[in-house]
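Below you'll find the structure, written out as structure tokens, and then a few comments.
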Amino acid sequence: MSGVTLYALTGAALVGTGFFGLIAARHLLRRVLAFNLIGSGLFVYLGAAGARGGEADPVPQALIITGIVVALSASALAVGLIVALARARGRAMLPEEDVGG
Amino acid sequence: MTALLPLLLLLTSLVPAAISFFLAQDSYGLRNALNLGGALLKAGLIVAMLFAVAGGAVYETTIPLAPGLVLLLKIDALALLFVSLSAALWLLTTIYAIAYFGTKPQQSRFFGFFSLCVFATTGIALSGSLISFFIFFELLTLSTWPLVSHKQDAASLRAARSYLLYALPCSTLLLVAIVWLESATGPVLFDETPDLDALDRSSQQAIFALFIVGVGMKAAIVPLHGWLPSAMAAPAPVSALLHAVAVVKAGAFGVVRVVYDVFGVARVTDLGVGMPLAVLASATILWGSIRALQQTEIKKRLAYSTVSQVSCIVLGAALASPYAVIGGLAHLVHQGLMKITLFFCAGIYDERAGVRDIAGLDGLGWRMPWTSACFSLGALGMIGLPPLAGFVTKIYLGIGALQAEAAWVLAVLGASTLLNAAYFLPLLARLWFREAAPDARGDERVPALVVPAVVAALAALGAGLLAASPLSPLGWATLITEREYLR
Amino acid sequence: MTALVALLALPLAGALAAVVLPHGAVRGMVPALSVAMLAATAVLVAGLSAQAPTRLKLGQWPPPVGIVLEVDGLAAALIAMTALVMTAAALAALRSEQPAAAGARAAFGFWPLMLLLWAALNAVFVSRDLFNLYVGLELLSLASVGLVAIGGKPEALAAAMRYMLFALVGSLLYLAGVVLVYAAHGTLDIGLLADRTPAKPDALALALMTAGLMAKTALFPFHVWLPPAHGSAPAPASAMLSALVPKASFVILLRLWFEAMPDRAQDGALVLLAVLGTAAVIWGSLRALLQTRLKLVVAYSTVAQIGYLFLVFPLAGGGSAEMPWSAGAWTGVLFLALAHGLAKAAMFLAVGQWMAVTGSDRLDAMRGLATAMPMTSFAFALAAVTLVGLPPSGGFTGKYLLMTSAFAAGQWMWALVLAGGGLLAAAYLYRPLAILFARADAPGPATLPTRGMQAIPLCLAGAAIALGIASETPFELLSIGRPAAAEDGS
Amino acid sequence: MTLIAGPLLPLAALVWPLLLAGLSVLPAVRHNAIRLLPLAPLPGLWLALSGVDGVTSAPDLLLGVTLALEPGGRILLGMTAVLWCIAGLAAQPMARRPNAALFAGFWCLTLAGNLGVFLARDVATFYVAFAAVSLTSWFLIVHDRTAEAFRAGRVYIVIAILGEVALLLGLILGAQAAGSLAIAEVAAAIETPAMGLLVAGFGIKAGLVPLHVWLPLAHPAAPVPGSAVLSGAIVKAGLIGLLLFLPPVSALGPILTGLGLAGAFGAAVWGLTQANPKAVLAYSTVSQMGLMVMLVAAGGATREAVPYFAMHHGLAKGALFLLVGVALISRTRWQRALCLVLGTVTAASVAGAPLTGGALSKAAVKQGLEPWASHLLSLSSVFTGLLLAWFMFRLARLEPSGTGPGWTARFLLPALLAALALLAPWALWQDWTGLEQGYPAKADSLRDAFWPVAVVVVLAPFLARWPMPTQPPGDVLSALVRLGRRIASARPRPPGKIAPQFRLPARQIAPSALEAAFGRWSNAGTVLLLLIPLILVLLLV
């Protein structure tokens, strides 16, 4: 089992976990974390995809870096929103999902 | 220049409309001048064209929209018949409306949409292609709504709503029909009948049915007539517009176009859809008259009488024999003249005597002689009594029915005459032979209200008296039929 | 060329400037910027030659390494529409005190976010690189979420958060697809992908990207984030969000299905998209009928109108490509998109003015406003005409073209969807109109917006109508660089 | 394009009354409008007397107006013009009554129509004229505004319009069959069903049983001059219609004969039950018109002579009606005596007493009549005689109601008409029968004319002694009246549901709960993830 495949599988696993969390979790912060998990998983997979045929492919690197930046800014905005929402509502949850627990 | 004439005809109504919207309520002079000027200009243009077109001239303008969406304006004899009717009646109605509204509020809105309606009607008349017809047809629907709801009270809004409730679904079906047709034949121009053989027989019949529903709603064919009587909530000039100048006329005109220019007589006969339409029209004629008989409100009764009268035009188109066509086309004008007279008078009774119900007419004849004389003329014409315009139509429709081997239509014509008499003569009897109530009021001190009624009534009389002359509605209809449909 | 660069650079620079400059200076800058953008758009459209779309290789690097920007008719038309809507929204925002009133943060945040949005839109319209599109899309989402949240009210924040979730997941799914594509073909340039050698993962990639973009386009059943978001944003923001943002992700869908992988388009999937579109039309309209807040009526109408756009897939894509009717369907749907954008922006701006006057967007608060504010009411009516698809309007032209091709293709059910959708639209737009034009029982509001202010929505609505009256020019524009998949066989 | 071709006089004869009608509404003229009435028929009279001949055509009017006059029309036109002229003179005392102008106006319209039916040679013009005469005469009937006048008017208008419709449909059928509007061609081409419709139309006007029911109500209800023209001239419009259109040989011939005879005898008998002398006269009109219809149906020389017969009846009947008017203002014994004398003479003439105009007219139609028919004709003279004897009794018992100036002048008018009725047939005898002038004085024709009168003279005293039970006018009417009432007063009914109320079942279809379910992110996300494999599958199949 080559490193590339390992990378790919890891990525896939991360994505899967992330999606589960994204859907199952109700606390918004968990969801943001799940989102980042998915992002990281995709980037791992992309890195693996870039390693085809031995020689290094510059494009995936560029893409990954850009992607990370984008994901970071997205997370930042999301967290900011969550904080504002938690201040306004007292709980970091969407009103329609804020049942009991 | 000749290419510009159709556009000019449109602009004579569009420009007053556009400007009227932005005029302040109190700038009466300018607004009235605008609308009157537009109407006069239009009438002038038409008179100028009448003889040229009678000589065979055709004016045409093409405005390409998207591919397959060509706005084609074409003034042929049929177009001119309709446009001259609407133009003449527009002039009368404008005069009447100016007097009717006096200093009532929201006139800019009224005259704006009013002229817009006439603009759309002119467009319908001039449309040389199916799609341009549809565009103006819809424009008419929209510009009529604010007029019907003009009073803004509950009744008007309800009426306006039911109008749209009938209009929009039907026009949607019309669009479906057009698209269905044109997806098979390409853009349909009225001057060459398209070849529908790409479609199978049953879908041709379906398309025809869709067309009839689409345009028939405006022609108030039963059971699509419900909006017309409830639209009586609108002010009298609007009723005049709905019933004589624009809307129902557009519907009837549409039926004529569909039967003769879209499908063509031969195909209609071949598809066997003409007779069902004739039956539908006959049913409408009778049902409208029966309902009219039951009304106690003058305008309601007139409205149902329109329902029945307009279907005479449809009947003529459906029978599709030469005389029937002539009769139907002539009735397009005749009915307009007579019905607008009646509505003018009804409006005067309402305005000057506060009379809305038939019971209130007692003895008004002598208090308001001119109005009542016009009303009587209009009513007698509707019954079809000679020498008013109505009887010419009846004779031609009757002969046409026999040419089409549909003798049963004679029975319908006879019955409708009797019913017409049954719901109009009592009104006349009340006007002239009942004693007026002690507290009855009523005067005719506003000539601008009475003069249009008188003119229209005289026109209705003249149309019958001079029926055989080439420039009479009948003569013109004959010209059209010979030129267009007996080729 | 320079015009294209300007269209991307100007708003970005403006956004940065808006962050640093004082509020007053920004208010001065925005109109100038809008004028410049309009000018650039004009130059761009004028310079577009009928033969070949304008291409721009950034730094002269050829793909797959370099990134290509390409302006075809579709991009140009959407850029122009964006410029119009943005300018109108900007003017409205300048004249109305709404963003400032919502607090310092709003006043501070509005302009940068708006300009960022503008840049992102143009970027999405012209990019030909899947990853580039991802970036643009993400930028778009962040700006939009910010604009929704700007009001700062709890429901606004919740709406923004909900929107955020859909947007993030959407872009993640899209990104997953991008990754797969790159893994399979080693390129992300649409032009190169068009003539790739098909590979197994393509289908999965397309599925992932489509699903993600559906979530972002708010296609039924993923529409739920849209009405609260657009309903709670300040009116100018709602105008941009509703008119422009869904179009961006829709454009990417078009690029994928018609330019990148037309060979992958199977009829079943195409029909699925159209079926969801149909459901959106029906559901959105019915929901709109139930709303008691005007803004929600308008927002749900966006849900319904987005549904129309997806009818293009079975009519112009896949097996029905290279058919005489596909060109009509393609152009028709773009007409619908443009007309909807203009009309919807007009509606939201009108509603904003009424809210400013009445202090609420409840329907019953609008009674009789037509007497006091005839121009805005007329604008709303004109916009309604377009949305219902009545002639003469861009909406009608689009519907006509779509219906014709539907009948020609023998798929008449889509034509019925268009027809029925028009009726439903008439039904839910009639209520506000009837209320507006009813007689006012209370005396008219004391302070009215200026005539110039009222003229803004009227201009937009007028543009939507003009799109139908003079539809030949846009038609030709849209047919520039029309993808082969949507080219008529003749 | 010629506006008018041919002699102008026929057109003038029609336009002139219309002009006067228009004139009579002018404020300046209004109060003396009645004064115009005698002038109205003059051009028509001139046309009848002068030899003006030939076809007048005005192609632009109506559907192309064609007017012409041949002997039958001419003699009826002349009679009509004279009768209207004298009736117009008799109407002068009405000048100061209310609504005189209205009466004058419609009088002129009716007159124009009445003259028109004799002149018209194209279907459209004939229809116009016929409609004018039958509908405008309604105003003559209801002029007094009394309850029974209105009742009579309502019955009349309903039946008249039914007649118009029948006529219109018949004419349409005829015109279609002939492919032309010319009456001659229509008459040649018309088929039996269409002719049936026409007969209905004409029969109503001519008081043909059973379509006569309006007549005994309407004629008495009108003011005296109105009754005179109604009974003398207007009924002839129906007759001329039959003469113009009924083919020489028609399947309807026997039916018409039967109905005519039924009217001739039945009306005469029923008339004996009437108290009002005008009603008696009306029934006599029904009876006489029945005779004429029967004679028309007989065809041949008889049919040729019917106008001659009709002329005499018109003049005499006019005289009798006017006489009733005079009797109403006759107070002195002399005046009453003169009235009775004049009445008896005229009645005798109608009954066909020897050497009277009536005898001549009967003799004229008898030639070419089968024996059984001519015997029936003589028998009908008995009935006519008895009916008119009864009329004389009623007239003698008539209570003078009002007084009026110028009794002599007013007496001279019926006298003049009576004189014409007695003498005009003599003047026209040879032209119309081709027999020598002395023929009526021959023994057998005298005997032929004498015995019915003798019978009448014998029976009349019994009639005076034991009169028949009095009945209200109008016989088989009650049903029709109810019909008329219903039509004339449309009862208000609750208007039906006009427009369905606008209710989309959105509340049922689009519940917020479902929307909320969509809204819950966990659901939406699941659906989104499930969508991916779905699309994938669809892409791969």
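Brief remarks on what is shown
Order of writing sets the chain letters: A, B, C and D. Residues in each chain are counted from 1.
Quick note on the criterion: a contact is a pair of C-beta atoms (placed from the backbone, for glycine too) under 8 Å apart; a residue touches a chain by one contact, two chains touch by 3 or more.
Small disclaimer: the values here were computed from a predicted structure and weren't measured.
Between the interfaces A-D and A-C, more contacting C-beta pairs are found at A-C. Subunit A and subunit D have Cα centroids lying 102 Å from one another. Rounded to whole angstrom, the centroid-to-centroid distance between subunit A and subunit C, based on C-alpha atoms, equals 28 Å. The mean-CA centres of subunit A and subunit B are about 68 angstrom from one another, to the nearest whole unit. Rounded to whole angstrom, the centroid-to-centroid distance between subunit B and subunit D, based on C-alpha atoms, equals 37 Å. For subunit C, the set of residues that touch two or more other chains comprises 162, 165, 169. Counting partners per residue, subunit A has 22, 94 as the residues that reach two or more other chains.
Multi-chain contact residues of subunit B, defined as those touching 2 or more other chains: 161.
Pairs of chains meeting the touch criterion: A-C, A-D, B-C, B-D, C-D. Residues 1, 59-64, 124, 127-128, 131-132, 135, 142, 145, 150, 157, 161-162, 164-166, 168-169, 171-173, 175-176, 487-490, 492-493, 495-496, 498-500, 502 of subunit D are the ones that touch subunit B when the two sit in their complex.
Per the touch definition, subunit C reaches subunit A in the complex via residues 64-65, 131, 134-135, 138-139, 141-142, 145-146, 149, 152-154, 157-158, 160-162, 164-165, 168-169, 171-172, 175-176, 179, 182-183, 186. Within the complex formed with subunit D, the subunit B residues making contact are 158-159, 161-162, 165-166, 226-227, 229-230, 291, 293-296, 300, 383-387, 391-392, 394-395, 398-399, 402-403, 407, 410, 413-414, 417-418, 421-423, 425-426, 429, 433, 464-470, 474. Against subunit C, in their complex, subunit B makes its touches with residues 21, 64-69, 106, 109, 131, 134-135, 138-139, 141-142, 146, 149, 152-153, 157, 160-161, 164, 168-169, 171-173, 175-176, 179-180, 182-184.
Residue ranges on subunit A touching subunit D, taken from their complex, read 19, 22-24, 26, 94, 96-97.
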